[in-house]
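Labels A, B, C, D, E and F are assigned to the chains in the order they are written; within every chain, residues are numbered from 1.
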Amino acid sequence: MYSIAVSGHFMIAHSFVGEVFGPAQQLHGATYAVEMEVRRSELDGSGLVCDIGLAKRLLDEVLAAFDYKNLDELREFRGRNTTTEFLAGEIFRRLKPRIAAGALGPDTAGALASIRVTLRESPIACAAFEGPLA
Amino acid sequence: MYSIAVSGHFMIAHSFVGEVFGPAQQLHGATYAVEMEVRRSELDGSGLVCDIGLAKRLLDEVLAAFDYKNLDELREFRGRNTTTEFLAGEIFRRLKPRIAAGALGPDTAGALASIRVTLRESPIACAAFEGPLA
Amino acid sequence: MYSIAVSGHFMIAHSFVGEVFGPAQQLHGATYAVEMEVRRSELDGSGLVCDIGLAKRLLDEVLAAFDYKNLDELREFRGRNTTTEFLAGEIFRRLKPRIAAGALGPDTAGALASIRVTLRESPIACAAFEGPLA
Amino acid sequence: MYSIAVSGHFMIAHSFVGEVFGPAQQLHGATYAVEMEVRRSELDGSGLVCDIGLAKRLLDEVLAAFDYKNLDELREFRGRNTTTEFLAGEIFRRLKPRIAAGALGPDTAGALASIRVTLRESPIACAAFEGPLA
Amino acid sequence: MYSIAVSGHFMIAHSFVGEVFGPAQQLHGATYAVEMEVRRSELDGSGLVCDIGLAKRLLDEVLAAFDYKNLDELREFRGRNTTTEFLAGEIFRRLKPRIAAGALGPDTAGALASIRVTLRESPIACAAFEGPLA
Amino acid sequence: MYSIAVSGHFMIAHSFVGEVFGPAQQLHGATYAVEMEVRRSELDGSGLVCDIGLAKRLLDEVLAAFDYKNLDELREFRGRNTTTEFLAGEIFRRLKPRIAAGALGPDTAGALASIRVTLRESPIACAAFEGPLA
C-alpha cells in the first residue's frame, strides 16, 4: 500500500461543555497542525498516489473554513464539543465527498483506498480519524 | 476509527546480555520519549475517545515505575533484556489491565479498541507495540 | 557561556485590534509551545546552571496564568494586542522578578546572566524575547 | 505486534515528466529523510525484533545507491517518474530480498511480518510504502 | 530584544566544484527548510516586530527564485559553490534591500536590528547567516 | 556571521551527588542528541565554513568516548556531576584543541570564531555551552 501525506495548520478559539473538560470549559484556543494521509494500492501512470499540489490545496481549503474562527459561533457545531478527535473526524467528513467529486484529480477518486487525518494540538497531545474512501 | 495520543518520557540505565548487542552490553542508558495512542470506533457523548487528562495521568503513572531507575536492578526484569521493543510491550501490558479497571473512565474501558505504545530512544531509532484492549 | 532550557505549553483564545492583523482580528486561539533558556557563565558547585526541576516548575507556574484563558478578558492585557512577541516579553517580565526572588534557587539569582523566552505558535511561526537578568 | 524503526537520509537531483508536475518538470532535487519500520509478532530470544545495528546498516546500504545522484541518469529509472511514493516502493523492493537473504540476521528473515518505508521530502509532504515480507 | 521567525522551504539541484566535496561533486539536490528570524528592540504600536504575513510573503518570494531550479544553471551563481552556508548568506543579501525598501512595512525598515537566515539541509546538518539590517 | 551545524547522539548511564538532584541521585541514563554549531565571519574559497564531512566525523569521534558508557566509572569525571550543561562544556573543551590541531581542515583552524554545543536530554530539557575558538 502506497500513501502520501500533506500538512497544514489552523488556529481557533472554542470552549467545551461537561465537567470532564475541567479548565477547558473556559473559552480558550488551539493551533492544530494537521496531516492528511491518502492511501492507494497502485500508483497511477505518472507514478503518483495523487497530485500533491491538489492534495495540499484541498487540505488548505477545508481547513480555511475553521481558521481564525471561534468554533463556538459556527452554526454547524452548535451543541457539540469540538474536541480534537471530533475535528479530525469532521475534516475527514468534509474531505471525503470532495475527493469523490474529483478534488484530487478526476481519475483518482475511485482509486484511493482510505485517508487518515491527524491533528496535533500540543507537544504532548494529538488525535486522528481514519476511514475508507470507497 | 478515532484515536488520541499523549506523550511522556523517562530516563533509565540498563545493559544487555548477548553478543548481538555489541557495545550496548556495557551499562549505559537512554531517554525514552513515549507516545500512547488509544483507538475507539465511536466518540462518547462528550465527543471524546477518552478524557485526555486521565490518559496523560495513566501514562505518567506507568512510566514513573521506570523513571530514574537502573532497569538491571528491577526484580521483574531479571533475566530479560530490556530492549526498546520489549519495554514498549511491557508498557502495553501494564496499561491494559489499568484501562480495563477504569483508569481512562469507568464507561470507557469496554469501548476502546486497541492501543499503540511508541518509544523513541534516539534521533535514529524507535520501537512500538500495538495490541487490542478487548 | 552555559545555558539550560526547559519547555512547556499553554492554550489560549484572543483577538487583535488593527487592520494589519487581517483575519486575526476575529476571536481565534493558539497553542504556544514555550522554551525558557537561562544563561550563566560558570556552573555552580553541583555542576548546574540551576536546578532544572525548579526551572520547569517556575515556567509552568508563569504559563498557568494564561492557560485555558481568553486573553481578551484579562485585565492586565486591556488595550493591548497579545501578539506572540508581546507574550514572549510578558513572560520574561514575569520570570525576571521571581528569579531575582530566588525561584531558581536562593544562591542562583545573582549568578544568572540572561534568559530567552521562545513561543512557537504554529509550524511556520514563532517569536522570542531575550533580556538580561541583572 | 512489535516494531522497530531506524532512520537515514539521502540527497538527489531529478525531474519529472508530465504536466501534472508543474514546475517540478524542471531539474530540481530533494533531501529525503527515510524511516524503515520492521514488524514482528513475537520478539526473539534476545528480546529483539531484529539487530538494530544490522537494520541501520541495511537501510544505509540501500540508500547509498541513490545518495548524491541525479536519478534521471540512473538506468533502472529510465522512463519512470521517481516520485516520493515511487521511491518509497522502490526502497521496499530493494529491502525485501536482502532481508529474505538474511541481512537482518539469519534466523530473523522468516519471523518478520512486514515493513513500512516512509520518505519525508519537505516540512509539508511525505510518502510511504508498506508491504508484507512473507 | 524581540524577534519573530517564519519558515518556508525550497527544493533544488546543484553540484559542487572541489575535491573537498567528495561525492557531492556529482549533480545531486536538496530540500532546504528555511527560517528567517527578524529582530527589533521595541515593539511597534500594534505590539509587533513586523507584520508576520508580510514576513512570510517576503521569505516565500525570495525562495521562489530558487525553488525547483538547477542552481548550476543560474547565471548569478556561475563560478560559485552554492553551499548551504553560501545560500544562507545569499538569501540574507536578497532580503536586506527589500526590507530596506519597505517589504516588511513602510515604518518598519528603520526599526529592525538584524536578521538570521537558517537553512536545514538534512536531519543532521544545517547552516545559517546572521547580519545587521542597518 | 556564517555558521554550520552537525548533529549526533550518545547514550550513557550516570548518577548525581547532591540533594538538589532528587531521584536523579539514583543510577539512571540518558540519550543526548547533540548539535555542534561552528561560526566563521567569511567563507573559504570553496564557499564553506568548513568541510561538513570533517565536522560530522570530529563530533562523532568526540561523542564516541562517552557512548554506551557508565559515566560514573570514567576516571576523568571522578568527583564531578556529569550534568547536561557540564557535558556540553566538556564536549566543547574536547573539540577546541582538536580544531586548533586541524581536525576541521588545516587552513580552517585560525578562521573559525566560536562554537556552540547543544545537548537535548528529553523533549522538555536541553543545555548548551558556547565559547570562542581563538
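Worth pointing out:
The rule is short, and it goes like this: a contact is a pair of C-beta atoms (placed from the backbone, for glycine too) under 8 Å apart; a residue touches a chain by one contact, two chains touch by 3 or more.
Not measured: the values here are computed from a predicted model.
Relative to subunit F, the chain whose mean Cα position lies farthest away is A. Relative to the C-alpha centre of subunit B, the farthest chain centre belongs to E. Computed from the mean C-alpha positions, the centre of subunit A lies at a distance of 27 Å from the centre of subunit D. For the pair subunit D and subunit E, the distance between C-alpha centroids works out to 31 Å. Between the Cα centres of subunit C and subunit D there is a gap of 41 Å. Those residues of subunit B in touch with two or more other chains are numbered 7, 123-124.
Taken in their complex, subunit C has these residues touching subunit E: 16-18, 20-22, 80-86, 88-89, 123-131.
By the touch criterion given at the top, residues 7, 9, 11-14, 23-24, 26-31, 33, 67-70, 121-124 of subunit C touch subunit A in their complex.
If you check the complex, the residues on subunit D that touch subunit B are 1-8, 43, 46-49, 51-53, 56, 105.
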